[in-house]
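Consider the two complexes below, in which subunit A is the common component and subunit B and subunit C are the respective partners.
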Partner chain A sequence: MSVEKVFGPVDISVSGMRAHARNMEVISSNIANARTADAGQGQPYRRLETIFRTQGEGASGVTVDEVVQDNSPLQRLYDPGNPKADASGYVSMPNVHLPVEMMNLNIASRAYQANAAILRRYQRMVETTLELLR
Partner chain B sequence: MPESSGSIINMLEAGIRAEELRQRTIAGNMANVETPGYRRADVRFEQSLAKALKSPGRLDLDALEPEVYQPDDPPLRANGNNVSMEAEIGDLVKNSLRYSTYVRVLRKKFSQIEAAISERT
Partner chain C sequence: MIEFDPNISSLLTNATGMTPRVNPPVSGTDFSKAVKALGDCVSKVDNMQQASDASVEDLLAGRNNDITAVVSAVAKADMSFKVLVGVRNKLIEAYKQTMNMPL
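Here is the complex of A and B:
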């Protein structure tokens, strides 16, 4: 067993914490831009989605593979007074739905906590083994 | 026999020193988690120890110094900083577990020596 493999669970749970922290970053971007009608090229903001991938074969950690745009249809908001409104008085708004984002946020923070719990539990396990050395 | 027990104690001492240095390095990384352009530092010791143990001839622990280096991890943020709080905490956990392992083995070694001294007929 190599030196690095002994603490495998530490690396795996750290990878989980990092990936879910990154996911939380993406979710907060979605929430912050829920009403951004112009995300650069005059187009409304499109919500982002985090794609996870395993780090290798078998028991391994997780990594954020890529952050992709959600191409589902944009929301149409009736707001005739808005200077960006089209002929029929509708404005295109981001395809961000706050309830969905709040649910994803819950999942992300629970997943982060779970990985932190694994880390703490594993630390305690190794300490139990070290107790035997007394 | 004294030679071999001395070498175990020396090896543990070298390990403990390396872990102390690594602890300081991790603390430095964590302190600079928001410093623009900061590159995280790490300590190289276990790999050089493993290499030294494999190579033939007498193991010269004095020549085996833990070395601080900057791994070329990609920057995580736009400001060029590449410190990840989670990764540092993982390193900290691993570091403290290794440290307590070394200290426990060292204490065991000393208590063996003590037992040998006090067992008089």
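Here is the complex of A and C:
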């Protein structure tokens, strides 16, 4: 009797929870750095995006493939008094848009909840099956 | 989860000590096979319990900050233990019913 065989849904939903928690980490980095004008090499912060990938063929879990930079144009902010302003008085600011990040945060937290709900529901299903033994 | 360990080991000794007693002289009947399979299953379930204990300890000691791994290990240990207990109860019930059969 192989008890491990019944744990597919557990592993898959846990992988989903882990991946979306990682996604939430990336989103929180974006939000925290929404006004970071210098992210190392004097360049403004560029928002990061999570790329998901399946763990294997067929029914399988999810994993974070890579975290890539969003290369869309940076925001230009008119601030002539800023020492970093260019000749025409504009400062480059990160390409983070808070409403977009809030939507992504909602999606990530709902996805996390959904995976947790699957885990809980599956545990209940197994318990229901075991009730039949009595 | 930690308080399950003594039960598991006592179950294990009971199960291994029980097999010769339950085994009829003719070896390899269905019931003795089932009991033996249960005994093998006990060690697997014990491994999962120990893995879940270890992951909880790692989390509390700060060696690991992946709480989802702990959730996974604990859920697996919990479910496999429930499976084991369910099958064991059913086997013992079958044994008792057989023994109480009027001859």
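To be clear about the criterion, the second predicted complex is superposed on the first by the 130 of 134 C-alpha atoms of A that agree within 3 Å, B and C clash if a C-alpha of one lies under 4 Å from a C-alpha of the other, contacts with A are read in each partner's own complex, and residues count from 1 in each chain.
Just so it is clear, a residue touches a chain if its C-beta (ideal position, glycine included) is under 8 Å from a C-beta of that chain, and two chains touch if they have at least 3 such contacts.
Fair warning: this is a prediction, and the values are worked out from it, not measured in the lab.
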Inset, instruction - With the two complexes overlaid on their shared chain, look at subunit A and say whether subunit B and subunit C clash or fit. - result: clash
Inset, instruction - Examine A:Leu130 and indicate which partner it touches, taking first as subunit B and second as subunit C; both and neither are also allowed. - result: both
Inset, instruction - Give one of first, second, both or neither to describe whether A:Ala59 is in contact with subunit B, with subunit C, with both, or with none. - result: neither
Inset, instruction - Go through the superposed model and pick first if A:Ala87 touches only subunit B, second if only subunit C, both, or neither. - result: neither
Legend entry - Common interface positions of subunit A, toward subunit B and toward subunit C: 3, 7, 10-11, 14, 17-18, 21, 119, 123, 126-127, 130, 133-134
Legend entry - Of all residues in subunit C, those that touch subunit A in their complex: 37-38, 40-41, 44-45, 48, 66, 68-69, 71-72, 75-76, 78-80, 82-84, 86-87, 89-90
Legend entry - subunit A - residues contacting subunit C, complex: 1, 3-4, 6-7, 10-11, 14, 17-18, 21, 119, 123, 126-127, 130, 133-134
Legend entry - Footprint of subunit B on subunit A - complex, ascending: 3, 7, 10-11, 13-14, 17-18, 21, 119, 123, 126-127, 130, 133-134
Inset, instruction - Using the touch rule from the top, collect the residues of subunit B that touch subunit A in their complex. - result: 46, 50, 84, 86-87, 89-90, 93-94, 97, 100-101, 104-105, 107-108
